[in-house]
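Lettered A, B and C in written order, each chain numbered from 1.
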Amino acid sequence: MVNAKEISNFLGTTTIVVGDSKKVVYKISKIIPGKVGTLSFCKYEDGRAKGLISRSRSSIIICSSQISLFVSDFIGKTFILVPQPRLAFMKAANEFFPWRDTPGIHPTAVISNAEIGKNVRIGAGTVIGGEGFGYMPDENGELIQFPHIGGVIIEDNVEIGVNVCIDRGALGDTIIGRGTKIDNLVHVAHNVKIGKNCQIICLVGIGGSVEIGDNSFVGISACIRNQIKIGKNAVIGMGAVVVKNVPDNMTVAGNPANPIPK
Amino acid sequence: MVNAKEISNFLGTTTIVVGDSKKVVYKISKIIPGKVGTLSFCKYEDGRAKGLISRSRSSIIICSSQISLFVSDFIGKTFILVPQPRLAFMKAANEFFPWRDTPGIHPTAVISNAEIGKNVRIGAGTVIGGEGFGYMPDENGELIQFPHIGGVIIEDNVEIGVNVCIDRGALGDTIIGRGTKIDNLVHVAHNVKIGKNCQIICLVGIGGSVEIGDNSFVGISACIRNQIKIGKNAVIGMGAVVVKNVPDNMTVAGNPANPIPK
Amino acid sequence: MVNAKEISNFLGTTTIVVGDSKKVVYKISKIIPGKVGTLSFCKYEDGRAKGLISRSRSSIIICSSQISLFVSDFIGKTFILVPQPRLAFMKAANEFFPWRDTPGIHPTAVISNAEIGKNVRIGAGTVIGGEGFGYMPDENGELIQFPHIGGVIIEDNVEIGVNVCIDRGALGDTIIGRGTKIDNLVHVAHNVKIGKNCQIICLVGIGGSVEIGDNSFVGISACIRNQIKIGKNAVIGMGAVVVKNVPDNMTVAGNPANPIPK
């Protein structure tokens, strides 16, 4: 249970409460239909906001401070006006209504030969440290495997989804940078280096020794050829087939992937 | 063990037995080479049918009632003539030679916080109810996660393959409609609504809040952007990268996906 | 611990030791920075080789016999000159510094109804023998499943990655040919026949009854339509969407896939 004033204080000085600052909420909900006792947010600033707000039954609604409403629109509800309502809602929800499992290692997880940090959550289905794939035919056409003795380094605040595969490095390590988030069913091959605060969406295939710079985004089902370098703040579009290096700040899409205006 | 008459009766009134209606079969097999004591089907109506039938050793063959054969072609075997031989074979096989595991929950399955209906089969490898992926950078560039407190609703007669991921909704639920079938390695993101009797083939990536209408088909490795709406009876081609809404009855393919004539 | 002479003898008659043939190594490493007591290799023959070799601290370096260096470049290190340094390194590493887990079945693996050969390693996450996906709507629009009573045959020296799905055949078997290597998150549908010494890279989707000839290569995230036939020594490019048969020795890429010069 938390009241509007406490939420506003947590969100910081650019925040304004309109209405009863002692109004309390017990959980979060969607704005429509909403529910008495819940905290919601309104993502619109334009005309659509008024309709949603008037129909919502939520007790406190986080809205944009740019919203153009008459005072009469605010009657009977409590609002917290902020610069970025979605982000503010996310922060408040995570702070006052924690929803994630507490850290811990599920009893069915299989762990061997790993150093585990503090406050780690480990579920199941994702495999970290599988053998990389690096075969070469010998003189008889038999495929010989390159040795894989490297490790996987996962830095702080990384989050990895379900049924993901992150292969160990060959002679070096595979590295997932601080704060990077990886969605479900992603493949990260041997020796890949992913920078900080990247987002890698579902079903992405990242070839061996690829490097991805900080803050980059790789969309659903994109794939990246071995050895490719992706810069910082790059956007790899959904389904992109990346066969050339991508400089900083560039957006690419298509098969093969080409630059597109942001 | 079942005889031709019993199979024919089960398949209904549009069905005709040609040959010995007391001929019995003990299991199913391919038409070629076929085997004494087995039930097979012939998918062709044209000239290819005659060759297959004459070479098959199966005791009963389900054929199209449109097939053009001389009486002499039928000597020594028993046939069941039906409008749709493949479908009739599927129904008869499922009825008389049940091949699926009996319902039950495998002892290695991990279940918590779920309501399970009747006659459910649960294996392993597929993860239902993982956290959705909905991050947004805060003012320091750290990625903040949107709260995910929604559920997953799987309606009756849904079948889900291996190593599939179906994420829980954010504030609402993710819903898989009655009779829909999902192949292996598919990703279904938070808040997705899939209608009834859809087919979602392997390695498909479905973004957050996507809606797919009844009886639609999504081919191998297709991907669908967040928020997209796919109509009823739509066909999303193999490898399609869907970035625009798809109306009812439309077929799309390509990267990016565009309409193609059915 | 092994010395240069022993490695050279193992690699065969086209091999030459330059430097101290009794120099010993204890493990393998990258050439840069390298480490005293390790075996490395140099993949370049051109000017880049000299810089790497002079900076490396490794005790023995496997190099190309085509390399153009002065005698002075060789001082203080031991070299093994071979026709293919990468392949030679792979063979020597696998022989003298075995890095793979010993054969065995992980206690968490679930095995039922399978015949297991000798010297097999079984981990977890990959599912062999799942039901194929072969539905057809009946007259009411309900999807009926084709019976799947076939098996999966995995021939000798096959290696399969993590979170792979190989479905059982419908009336016949799914077959993975001798020496073929399959990367992570690959889907192999019912009745597929993959030949010998193929490489199937991550996130590939192979539709029902597809046939792939010997020594073929299927790149990251490619997909292949049901019933397609791929010849021998074919190359299916990364992200290719294959909707037509591919003859022997052909390279295809794109969505849809078309031939490209090798």
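The working rule: a residue touches a chain if its C-beta (ideal position, glycine included) is under 8 Å from a C-beta of that chain, and two chains touch if they have at least 3 such contacts.
This one's a predicted model, so the numbers in the text were calculated from it and none came from an experiment.
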Request  = If every chain is a node and every touching pair an edge, decide which shape results: line, ring, star, complete or other.
outcome  = complete
Task = Compare the two sides of the chain A and chain B interface and say whether they are made mostly of the same residue numbers, over half shared, or of different ones.
result = different
Task = Take the average of all CA coordinates in chain A, do the same for chain B, and state the distance between these two points in whole angstrom.
result = 32
Ask   = Which residues belonging to chain C are in contact with no fewer than two other chains?
value = 108, 125, 163, 185, 203, 221, 239, 241, 255
Residue numbers on chain C that touch chain A, as the complex places them = 27-30, 86-87, 90-91, 93-94, 97, 99-100, 106, 108, 123-125, 157, 159, 161-163, 179, 181, 183-185, 197, 199, 201-203, 215, 220-221, 238-239, 241, 253-255
Inquiry  = Applying the document's contact rule, which stretches of chain A touch chain C when the two form their complex?
reply    = 108, 110, 125, 127, 130-131, 133, 135-138, 141-149, 163, 165, 167, 171-172, 185, 187, 189, 203, 205, 207, 221, 223-225, 239, 241, 243, 255-256
